[in-house]
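One chain, chain A, links the two complexes that follow: it is found with chain B in the first and with chain C in the second.
And then the complex of A and B:
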């Protein structure tokens, strides 16, 4: 089993994701430079947070044209697992691997704080070590995390149970007051129809140690590792 | 022919110009005059402060690189070192708050990675005029919103966590906001780089962003006071590009690892000019540059413009001869320019060519060592009562302000926690990514932030502290108090104070009262730094913080670094559970005449405090005892919480201990303040050298022993528990409030005042 962390110019959570995979998940992991196009050595790739290409045009809008993204599309089509975190989610949406878009937060500010999300579907490669309804405390850190999509897409996401995380309070109640950025239907993370591509705004790699205030994010990486281990048997 | 108008336009005096002619042995060219003007500016030459700065302690067993380089470096064990520095960006932030603050962050980050250190934490210290000021309130609010947005823009995209800082308000800063940016990086002991143009014949490379016409004369702008036309100086402020800086960081660190780099320096203030001649000066060499080779953003730039441009995100690298190709390849990988533009020479001169013409030829020493040094006239400020009586500080100040008979202490506490100087700064730090790099073990809002070092069990504690009010009333005592508070703050999280960086913000040095205050601050700071064994390893002086004749208070800001030996032993301010003992390390005296209580509850202006007030007396030995006791108890693992008792006094500090925080519900407290002071003094006095601690009942004996051994007074105040804060004095309950009410007031005060400005700032 091997993980890869893609590095775009301007990625800045690449080292954090790498650290979690090697230290807390205990699996081999490489950095993948954005000009590399051969992903055949990997079982799962992480598109980390940051400001790819400065995000000056629109978050993720330039990264989707990077050479590695064509390979990521093929990789996903072959069934490889892709986890996009924060800027990674924005890039996946821009690249069309996930539906919808992430726009400026409702209050227009960058927001960095610990929030709560509820696990909406535990039957995915990223959440199988969790239970539906579990509340996770994970930090967010973004200015453009306000998820939008049209009514038909929302209905489809709901029908196909592709909303994986929703913003909630510590008891699991999903309300407008628990929505940090104005996301439609309190969406914090969604997956594709095949369930091998997940995008989420919260940073699970920042919540893998009690020292940092939470280790709730670890189960997401563990789920993925368990999925890969099962696939390799 | 250089005219007197040109001399004046370059902010040089006639005497200074004559000295230039003497050093050159001829009349300088216009390019040379421009070079002298920036190198001899207050900002670059420290001409008014150098003779005073010498009195600061700068050595110690942990000091690896003392002041003089791009940043100071201290040893933190296990082969690791910390490089850190603070720098002001006050003038540009007033003219253009968003970009002024953003480029301040960019500049200080480059100072850190120039040393070979990867930046792992940033902080900032901000001062503005009062948010409610009738005349300037709106502008003050929008300055704050713009500065915070600019810092967030740069730091967040670059990927450095902004982990702590301070935001303070006083009308002296209304037209002179202070924006001080701090950064800290980690570097292996044997991989530190220096800004030296060493090795005769070595190639000089220009790397990073292209040069444009932005920021020309920025250093000169920052070396003069403002008049009502200040905003017309907007073109001297640069525009920052954090994305480019992030690429520059990665490329520079990679080039350094390759072994091809002999020396490296940031092009900050005075850009190409200061970087090249400072590198030559440090190495005792000369340097030759051909400006025709410099990557340019605009057409037909003159030599004068290129030498004085302050375009951001640029570096000068001296490579080992024959290895320049390696450096260029690394920069190409990161899609950055890297061009050989000159050579290191052996003649100790700075030679600048443009279009095959020699446009400047100056002895390096004339720009650096020979720059003017002034012992400016000083005059004790006549106004303050303290200065009239200095030298006869009384043991037991009698001038505490008695509260009006009818004072409702509950209402007073609610007003104090809502005062912008005390209220939660969450509205500010929520906009900063303070968790990226996954090392932040103590988040913003505590006495100091803590950054763990992944490769070791150690961690670093860092904080910024300043107090313009104290320094206005008594600069020497104020400076001692500020250093003591900074040291106490890192002790509160369980760290041993190691070293400081300082940012000295003052008005015009040409005013004898300002210069006197500067000298007093240096002496007070020296004394305190010696007592705590925390040498000054880097810093910055910012003079001319003056607009329309009105200057800022003397405002030294201290960045303290502390070392936590075991990250599992860190302590935080919040109470941990019900039934713990609450105790005070230290002693409360009547110190209310210069305080937040005097300002907020009694309505005293800082000017009135200068006339009538007295800053708290600081006994350095007592302070050391309190710190020793707190640290001893923390390192023994006995403390459940520790919090510095400062602005707003005991009642505010106790409230802050009760408030909720990450993973903690709010917890109430019931305490008795028994002593001979007035109730107002017991609640709101700002006596220094006090720490509120909490611990399990069973630990009382051990903590008493630790305190006794340290020679520190320990007083049990009460217990944690319940959902109210209840404080009694002599059997009367003087404060009893639901915690939720105090916490809501504290948490929402700043945000409520700024609501209107949110949309304006976000539009930047």
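And then the complex of A and C:
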């Protein structure tokens, strides 16, 4: 199996993602410059956090037009696994690979802190090493993480169990008080209908070593590796 | 020729920046403000040889594909000779 980490001008969590895959998952991984368009060597690509194109226009809006994104769309359509983290989630939403949009946080602040999310669905390629209801302590670092979508989209996400993570407290209670940014239905991460594209605002790649305050993020990457191993790639 | 594109949040989409601006101007003593919504404004200089209809079509396509996010925003295009 092989992982790729896409690098846009302004990405700044690319090295963290690379480190996690190479050190903690123990699999080969490459950086993919945003002008590259050949993803044929990869089984999973990570769109990392950061400030691609300086967040100009809207967060993720300009990255979506980078040459690599047309390839990411084809890659996803062929069943390749795509994990978008923070700015990566914003890019996937702008590109139409995930529904909805991420707007300015409810209280306007840039939030940089450890929060808790509850695993809402453990039957996905990204969470199969976790248990439904597990609470993960993972950092968020964003100004535009407030997930919005229309009523029909929300109903579809709920019905199809595509809400993968919700903001909660340390006991797993999901309330408005545990919603750091005003996201609809406390949504912290969603997947597409085919379940091979996941976008999440929290940073699991920054929560893979106890030294950094938490290693709860590791199981997300391990789940993906287990999925790929089971598919013998 | 110039295309002016106004991008605004759809009604119903929360605008925390607009709310903060409203709060600030009210603190300054401005009264009678029911709501403030923040949007974006773009000026695009276009080739003067274009027909107005072509200019409008180009600007509209740009607004739809790039300048706005149709999930959360509406836009309006004006063409100025």
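FYI, the second predicted complex is superposed on the first by the 232 of 233 C-alpha atoms of A that agree within 3 Å, B and C clash if a C-alpha of one lies under 4 Å from a C-alpha of the other, contacts with A are read in each partner's own complex, and residues count from 1 in each chain.
Here, a residue touches a chain if its C-beta (ideal position, glycine included) is under 8 Å from a C-beta of that chain, and two chains touch if they have at least 3 such contacts.
Since this is a predicted model, take the numbers as computed values, not measurements.
Engineer: Using the superposition on chain A described above, determine whether A:172 touches chain B (first), chain C (second), both, or neither.
Structural biologist: neither
Engineer: Considering only touches as defined above, state whether A:108 meets chain B (first), chain C (second), both or neither.
Structural biologist: Both partners.
Engineer: In the overlay, answer first, second, both or neither for which of chain B and chain C A:94 touches.
Structural biologist: It touches chain C, and chain B stays clear.
Engineer: With the two complexes superposed on chain A, say which partner A:205 touches: chain B (first), chain C (second), both, or neither.
Structural biologist: A:205: touches chain B, not chain C.
Engineer: Residues of chain A touched: more by chain B or chain C?
Structural biologist: The larger set of chain A residues in touch belongs to B.
Engineer: Can you list the residues of chain A that meet both chain B and chain C?
Structural biologist: Looking at chain A, the two contact sets intersect at 107-108.
Engineer: Note which residues of chain B are touching chain A in the complex, please.
Structural biologist: Listed in rising order, the residues are 152, 156-159, 241-244, 246-247, 334-335, 429-438, 440-441, 443, 452, 454, 567, 662-663, 758-759, 762.
Engineer: So in the complex, which bits of chain A are touching chain B?
Structural biologist: 9-10, 12-13, 15-16, 19-20, 49-51, 53-56, 107-114, 139, 141, 143, 203, 205-206, 208-209, 211-214
Engineer: Given the complex with chain C, which residues does chain A contribute to the contact?
Structural biologist: That would be residues 57-58, 61, 65, 93-94, 99-101, 103-108, 146, 148-150, 182 of chain A.
Engineer: Report the residues of chain C in contact with chain A in the complex, numbered from low to high.
Structural biologist: 13-14, 16-17, 20, 66-67, 69, 71-72
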